[in-house]
Every structure is written in C-alpha cells, then in structure tokens.
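Labels run A, B, C and D following the written order; every chain starts at residue 1.
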Amino acid sequence: MTVLAAPLTGVVPPVCTPLTPEGEVDVPSLVRLVDHLVGSGVSALFVLGSSSEAAYLTDARRRRVVETVGAHVAGQLPVLAGVIDMTTPRVLDHVRSVTEAGANAVVATAPFYTSTHPAEIARHFRLLASRSPVPVFAYDIPVSVHSKLSAEVVLELAAERALAGLKDSSGDLAGFRAVVTGARTDAGVTGFTVLTGSELVVDAALAMGADGAVPGLANVDPAGYVRLHRLCRAGDWERARAEQERLCELFGMVRLGAQTGRMGGSSSALGAFKAALYLRGVIACPVTAEPQVGLSDGEIEGVGKFLARAGLL
Amino acid sequence: MTVLAAPLTGVVPPVCTPLTPEGEVDVPSLVRLVDHLVGSGVSALFVLGSSSEAAYLTDARRRRVVETVGAHVAGQLPVLAGVIDMTTPRVLDHVRSVTEAGANAVVATAPFYTSTHPAEIARHFRLLASRSPVPVFAYDIPVSVHSKLSAEVVLELAAERALAGLKDSSGDLAGFRAVVTGARTDAGVTGFTVLTGSELVVDAALAMGADGAVPGLANVDPAGYVRLHRLCRAGDWERARAEQERLCELFGMVRLGAQTGRMGGSSSALGAFKAALYLRGVIACPVTAEPQVGLSDGEIEGVGKFLARAGLL
Amino acid sequence: MTVLAAPLTGVVPPVCTPLTPEGEVDVPSLVRLVDHLVGSGVSALFVLGSSSEAAYLTDARRRRVVETVGAHVAGQLPVLAGVIDMTTPRVLDHVRSVTEAGANAVVATAPFYTSTHPAEIARHFRLLASRSPVPVFAYDIPVSVHSKLSAEVVLELAAERALAGLKDSSGDLAGFRAVVTGARTDAGVTGFTVLTGSELVVDAALAMGADGAVPGLANVDPAGYVRLHRLCRAGDWERARAEQERLCELFGMVRLGAQTGRMGGSSSALGAFKAALYLRGVIACPVTAEPQVGLSDGEIEGVGKFLARAGLL
Amino acid sequence: MTVLAAPLTGVVPPVCTPLTPEGEVDVPSLVRLVDHLVGSGVSALFVLGSSSEAAYLTDARRRRVVETVGAHVAGQLPVLAGVIDMTTPRVLDHVRSVTEAGANAVVATAPFYTSTHPAEIARHFRLLASRSPVPVFAYDIPVSVHSKLSAEVVLELAAERALAGLKDSSGDLAGFRAVVTGARTDAGVTGFTVLTGSELVVDAALAMGADGAVPGLANVDPAGYVRLHRLCRAGDWERARAEQERLCELFGMVRLGAQTGRMGGSSSALGAFKAALYLRGVIACPVTAEPQVGLSDGEIEGVGKFLARAGLL
C-alpha cells in the first residue's frame, strides 16, 4: 500500500472531473488528465475536492472517480480523496466508499448546512479520525461551509494525531502561517502536512514554510506549479515570483463567465478550467455539472487567449 | 395513491427522527411519534427536514425513515420528504429513493456548499421538477444554504408549475407575504401551497393568507398548533394570539443548551425537542446525532419545567 | 415641553430630508413635508433616521433638520431624532446637538464600524441613557450595524429604564414579538414603546401588540398608514389586511432603480420615496445625497405609475 | 509643505491615541508615542485609523490628535490622517478638518452603515479626490465597512489619479497582490503606493512588491517592523522570516482579553497595544475609549509576559 509521506510535500492538484455531455464521468478523459498531471511531476493527486465538482457528483460518480484514478496510478503516487458531506455520519459513509476504492487519505471539511459549535467541529474530526482506516486531512473552506477552522484547533488535533494535515482554502494567510509555524515549533506535532489551496500566493505560502500546494489552476498548468514549487524550494525567490505572477495572469481566465453576470464566480472558474483542458486536448468535453451555467463559445475562445498568452496552446 | 391537496393546508409537522443510543433510527419510537402527531389532527407529515436532523442521517437511515412513516400512515395523510443535498444530481438520487419509499411530495432547498447564481437556482428547481414523479416544494432556508429565494422566482416557478409549494424558513415575513399575495392574485398561479416554518409567528402568517405551517415545535405540542390553526381559520384572532403566545413561551426550551455556551442554537433546539418527546413518553431516547453535543441531565430537567408550565406533563 | 406618551402609539414616519440640487437641506420643502405628514394624522415625527439619509448628512445639515422641524411643529407633536454614529462618545455629541435643537427623544443604534461585544452594546445604551436629557430609543437595524439586539437585552434595558422604546428595523418579527410580549408581561417594564420599522407587515406587528410603526413608505402615503393603524386598533383585521396589501403594492416602487443593476436597494428605495414626494408636489427636487446614484427620468416616471395605481396622483 | 513620496515606502504605523482616564486625548503621551515611533525609523505616521480608535473619537478629539502630531513632527515626516465616516459629505467635513490641522494625506474607507453599490463606491472616491487639497488613500477594511474594494476599481482610480495609494486591511493577500502587480505593470499607473495593514504577513506582502506596511503592532515594537522592512528590502528573506515570526508571537497579546469571553477581538487587541505602551513607559494610562471593556489587571500582566519574551521590557 502507498505510504503517505509525512509531511507530504509538493504540488497536489485537485483533479477536475471530466464529464460526458450526459453528466457521467468521462473515464478516458479522466485517465488522460491524470497522465497530464503525473507527467508534469506532481507529488500526489487530490480527487473529489471542490475543483473536482465533488458537490455535484452522485455517490456512484464519486466512487467511479476514485476507482478510476486509484487503478490508473496504481500506487505510483498517493491519492487523497475528498469526503465532502454535511455531518459525521454521512462523511463516514464516504470514508468507507473512497477507502474501499483505494484512497490513501481522506480530506474532510467541517460540518455544513447545519450550524455547528466549535466544540462540535473538533468532535467531528476526532470521530472521523477514530473511524477512518487512512489519515484524515482537514479542509478549511469557509466560503463553502461558513465556518473557519482556527489555528488553535487544527494544531490541537494535529498534536492528538487526529489530523494528518490541512488543506487551507480560507484565503487567510495569517491564520495559515500560524498553523505552519505551530507545526514546526509545537511540542507534540510531528509530520503534519500543511498545504495551501490559494493558487495566487503559493510562493508566499511556501516561503512561510508550507509543505505544498493544492492549486485548482494546476489542472491547466501543472508544469508551471511544479516549476514554482522547485524555485521556492531552491530559495530562488526572484524567479519564483515571476513564475507565480505568470500563473496569476493565467488565472484571469476564471473571470470570463462571471463578468457577464450570467453566472457566479464558481461556475465561471470551473468552466474555465475545463475549457482550458479541452482546448489543450486533455479532456473530450468542457461541460460542467448541473445546475451550473456553462461558458459560451465566445467565453471558451477567451480562455484560449489566456492559454496562448501563457504559451500553453 | 395519496393525492396531495392543492393547496395543502393545516399543520404539517417536520417530524423529528428518534435515534437509538447507537445512532440508528429508532423505528418503534418513530411510529409512536407519528401516532402522537396524527392523533392530534395534523394534515400531513414532513419527514427528513432540518428538524428531522436530515443533514445528520446517512442515506440508509433516511430511507428507513420514509419507509417506516410511509408504511405506517398508509395513505391516511400525505407524507412530504426532504431531499436535502448539495446540488441537482445528488438531490435527484434522494428524489428517487424517497419516492420509491412512498413519499407523496419532495421538499428541496437551493444548492449549497457551492456558490450558485440565481439563474442556476431557478434551473435547479426546473430540473428537479422535470424529473420528479411527485410534486416539488421549495424549502427556503437561508440560514442553512446561505441564499434566499426571492418571491419573484418562487412565483415564476409556481406559474410554470415547476413548484407545487413553498416551505418558508427564512424568517422574512415580508418576503413570505409577497409569495402569499402573489399566489392568490397572480394570473397563472393556482393551487400553490405556501407554508411557514416560523413557529413563533404562525398566527401572523395565517392572517396574511398562508395555507399552513411546518413548526418544529409541533413535535412537542401538535395539539397546540392544530388548535392555533383552527382559531385562525375561524377568525378568532384574540384567542389565536393567546395560543400562539403560549407556544412562544414553550419554545423558550430551545435556549437551555445554548445559553451555557457548550453548544450552538441548532443542537440546543433539536436536543430540547427530543428531550420533550422523551419526557412526554413518546420516544425512548433523547439522543441527537453526531457530532452534536447533547443536553445535560440538568438541561433536560429544564425542558421538563417548560412542559409542566405548558400543561404538557 | 412636549411630554412623550409612554408608550408612544400610532404612526411615526421617518421623515425624508429634501435636498437642494447642491445637497443642502431644502428647508421650505422640509416644512411642506412636515405639514403633509402632520395633516395626515401621524402621532410623532422621527427625523434623522435611515430614511432621512442621516448617514449622508453633515452635522450642520443634521442640525438644520432638527431645528427646522422642531420650530415648525412647535410642540404640537413629539419629534424623535436619530443620533446615528459609530460609538458612544460620537453619539453623545449628536445627543447634545439634537436636544439643543429641540428633539424630544433620541434614537440610537448599536455601535458600528467597530466590532462590539454584546456586553459593550448594553454598556453603550446605559452610557447614553445616563447622559441624555431626553428618553433614549434603541434602533435595531442589523443591515446597517451588523449586529442584532436580542429581546433579552432590550427588555433588560427597558426594566432598568435605560431605554424608553425600540424602533425595530431588523425584519425579525419573531424577535420583535418577544419584545412586545415581554413589554406587556415582564414585571418591572412599564410604558415601554415598541415600534416596527417593517412597512410591509405593520398589520401583523400591531396584531401582536406593537404600539406603532415607523414606515419609510409613510412619507409617500401617510394617510394610508394612519388608516391602517386605525383599522388595526379597531380590530377590523380584514380591512386592515386589504389596506396593508395596497401599501405593499405601492412599495414595489422601491425596486425600480435596483432592478436595472445601476444602483443598490437602498439608493433605489430612497430615490423612489423622494421621487414620489416630488411627483405629489410635496418637495421641490427628488435628488438624493452623494454618493448615491439617482433615479433616471424613466424610473421617476415608473414611480408615477405606482402612485397612479394607488390613487395618489 | 511636506511632499509625500510617490510611492511612499517603509513602515507607517497607525498611531494609537492615548487617552486620559476621562477619555480626553492625553497630549503628552501622544507626543511621547510619536517620538517613540519616529525614533525607531518609521517613514510616516498614520493617525485616526482603526488602531487609533478613530471610530471612538469625537470630532474635537480627532482634531486635537492631528494638530498635536502635525505640530510635533513639524514636517520631518508625512502625516496621513484617517477621515473615517459614513458617506461622502461627512467624510469631506473630516478632510477639511484634518487638512487644516496639517495632514499631508487623507485615508478614506468605502461608505458604511448604508448599503452602497460598487458604482457608488467608485463615485465616492472620485468625489473625495476632486475636493481634497491633499492626496487620497483608499482604506480597504471589509471587516468594518462590509464591502471589499476590488483590485480592478482600485487600479482604475489609480490610473485616473483619483487615488494616491491603498492601505489594505482586508486580509486578502491574493487581491492585494493584484493591486501590487497592477501598480507596477498597468500603463497609466505611476507612483501609486500600496501598503499592507496585515501585520502578520508583512514579509510576504513586501516580497510581492508592496511599498510598505501599516501594522498596528508597530506601536508596540516599531523597531522590529523597521528591521523587518530593511531585511526584506535587502532580500534577506531568511532573517526577515525570523523577524516576522518573532512579531507574530508578540502579536499573541491581542487574544488575552477576548479569550475570556468578556470582550471581543477588537477591544482585546486595542487594549493590549495600549497596555504594552503603558508597560513600556510610553503612555501614561492604558485606558481605551467607551463603550469598550478594558483589560483586567491580570490581562495587563499577561501583556507584560509577551513583552518580556520579546525582549521589550
């Protein structure tokens, strides 16, 4: 069985889920996408995260994704799987499903839909840890779950070995730094993985001491993020900044749909990533899941211009 | 098959889900709870709503609930079932499950976890309607899904026959009134059901023209709400107000847990309803689902005092 | 000196502030507006509230408003004045100014801009009460100050005589009812005034036992709200509801600007009220304060159509 | 007259406002504080910001602050003054006051209390710029004003010369980076100052290309921030990170009050900064303005421990 490095370092892309026009998982496209990512030097794969449209996938489709990716990578590199659901009992069902399908770690958010007290959030992670056969990562994503994991609770759970790592998509780099620093200095915390999900400040997060990054945009340009990671590791901050700024410019593609007012930022971003993968020949169809509004042909063309400017077409 | 009245009127309690200490559905208790409600004169039952802890129930437990209730009421009165999940494809899986298990209508929220554009929310309900074998009610619950259904979109979907009714838990009585008035006056809207989920202003909602109410507290005192509904229908507003104020006082039980700071308002309220059902001898065990913090013995005693003052012990 | 009734009952319009094209207070228009309101049978006037654009008025203009209105009504009916500012010391400066200018009571919000703890909010009102020469009303307006006054704290301050009344613009009718009921039943609370600022559910608020209403739309149709208040007092709920629904339809004017996307809901509503007063010949100019975007000529025409349908032109 | 560098670089502390036990500005303490800051090598002073408790200061006290600081520094270094108020006309009154008292630039937030459309926010800054005799900086502080300035609008106003700079207290480092990069690369934007107010990630902000920092904690340890700034300018990122981490640990003092539940985070932080200045012998009295709850003696002792650990006592 694949043993997860502790900490896990490098680029861990949150893998998009290619769909057929009917909304089924497009398995051949998913396999090509995995090859595209692995071939670029990523360290691990994160399936069934927000960029994977996990919230839009039925249980059967979620399972199909983990099975496909797990079988294809066959232990070459670790597969982390999101277990995104409202509360502990429902999340545990996903833990069972994704670990049966081969996931090497699970990534769980705080409860959502319900209003949950901080003590209940900590209890949620402790319960998951005690019942999961694989390591549990916390997924801090306030924009989706409407609560923020504090550095204190994350470090407490890390010291208890309830959590193996953190995937931070909060956008709060000061709070992120507190976890990074605590993971290095707190007695009792060892081997804890701290990953940033903020694709526009990966250089800053790595400079602070983060172990790695989970950038949605790495679907589109995995080689760019792998390069960025290596430059940071080498302490070449000047060139790292230039690479990061290039990626920030490429990221501008996510606004093409939203700026028309026809859709929100999430559909616009997911649509752009898939359009880019389609234009780069990685996936067969750029469709996103229902009920999302899709990009227009003109907006897809706009994505192409971003790719061209970035030298990716 | 049970035909749903259009509009559906009266008291439609959101049925609590009794659990065993292990967290399984306590079927005998659920059957007693249904008898307790039906015997008090309610018009229909709403299972798998927020008061039912639907967010905490695995798919298997959700299905057990619908099957149990459906089999037990056996068509005497309609069963509405919540299909609470993040997006259209996942909700449709629940629609399939609950209708196979006998639900006469489904109650769906706007998408959550993801950020969804108003156009996508409307699309979500249209897609559900086109694929559901039973009528679809919209469940407006901004505190959980972090978006509000506007009166405009609800009435538009009502005119299209995509929605059969609204369960409003938004607390926004002015917006609710716009739907109630529109349902009465808009050309093209007929038979649309407007239900309030705000247990503390049921008299006001009925005075405005609402068809009925879905009060969580009706688990504890169904006879009180049935009486309140009848007084309002009879235009006896003086006695309706007195009955409503008595129920408002009884509702104070929901704060017992939260005021200690050990838990939030949701766990405190669900715990109090279940403690009350336990103390009244309806269910066998007052436990709530994980990861919720439960009421202490002292807090359960406090619930008993509220029941005593209301003449319910 | 005008003695404030305790409780104060009836319709208390939040008086719009007519401006000249240069943004100065248009004194003759303000005097005409006061006559328009007083002539319709309102009980008191509330100047420098949100509908008065108090947030947009310099201290000099605020003082001009109170002086003008105070001198013109000359004690015929009470004048309540908003003292809207961020914290206690700044609010106390306004208290001094408006009471020197003749205000009979002051209306203060919780602190804003700063993050304030509930204990500090209670302290704020206690400090204001101890230093104000006139009664203090609490102005509950979460949409502006981003905190909600709980019924508990309002009733506690009422029992201490720190607060003389509440102007509730929270839209939370269940919380409002808790104050209304508490003001009637709590030992130690006497003569406390509970006013709703929710113009679309005034009938419901009065049915619950509110003392009166502070509806922004009463600038446009004061006679309608006075009629509504009288019908409610007479227990003629059927006709009250019809009158309220007529006013709800008239209120539709507030959406004309916002639905174009050129401005937000606040500018759209304030612009519509002023356009209506202009079209009805009460004020000389419909301009709103900077930096608000104004209604277009077409949108002002639209306001006219609402007035015509309501028989107000 | 002091000419503001364009861009302004270095450490620009948001100067605390020492108060007497009666709540008046403690002028001798303020003068000592200014000497403490200037002597440590800061580049400019920012008075009447959030850390200055500007929201709690009456107009007379605000003016006293600017006059005192302006007279004392006498043009040695620039003085920026906050003009924090709800809307354009009220802010312009403050612009007049602080520039008469000697401010070299003004720092203005988006409108607050009112709901303001993005177009109205841009209009607000344009109006301020057209009427201010000194440069206008935008103060992006969503936690206080409940709206976020987008990088797009900031850069547009920069290109128009309406804004001279940005003080970013949003905590959104990705958005901040977009402004920093745009200020460097956009045609038409020159000499625009980009300052971070996030004291815990100053190294990251400077690495991205920010011009300087406005850290509240610089009141307590100005020399530390000046050192940090110099290390960053020298490209010594290793030692910069160590210095920043030392400051992050010192910052822990802000939680002493809040963790008791007696007050919120804002009162706790302002109280800690003033307690530290008091313990370091800079100001005579650690009191904060009303209605804030103050630190207890034990909490002030706790602040002393943070100072001792940081070698500042």
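Assume a contact is a pair of C-beta atoms (placed from the backbone, for glycine too) under 8 Å apart; a residue touches a chain by one contact, two chains touch by 3 or more.
Not measured: the values here are computed from a predicted model.
Asks: Enumerate, in label order, the chains that touch chain A and chain B alike.
Replies: Joint contacts: the list comes back empty.
Asks: Work out the mean Cα position per chain and let me know which chain is farthest from chain D.
Replies: Most distant chain from chain D: B.
Asks: Pick from B-C, C-D or A-D: which interface has over half of its contact pairs in common with A-B?
Replies: Duplicate interface of A-B: C-D.
Asks: Just give me the whole-number Å value for how far the CA centre of chain C lies from that of chain D.
Replies: It comes to 35 Å between the two C-alpha centres.
Asks: Would you kindly tell me how far, in whole Å, the mean C-alpha position of chain C lies from that of chain A?
Replies: 49
Asks: Got the chain A residues that touch at least 2 other chains?
Replies: Nothing qualifies.
Asks: Can you name every chain pair that touches?
Replies: Between chains, contact exists in these pairs: A-B, A-D, B-C, C-D.
Asks: Quick one: in the complex, what on chain D touches chain C?
Replies: Where chain D meets chain C, its residues are 23, 50, 55-59, 61, 84, 86-90, 92-93, 111-117, 119-121, 123-124, 127, 143-146, 262-267, 289-293.
Asks: In the complex of these two chains, what residues of chain A are touching chain D?
Replies: Against chain D, chain A makes touches at 171-174, 177-178, 181, 198, 200-201, 203-204, 207-209, 235, 237, 241, 245, 248.
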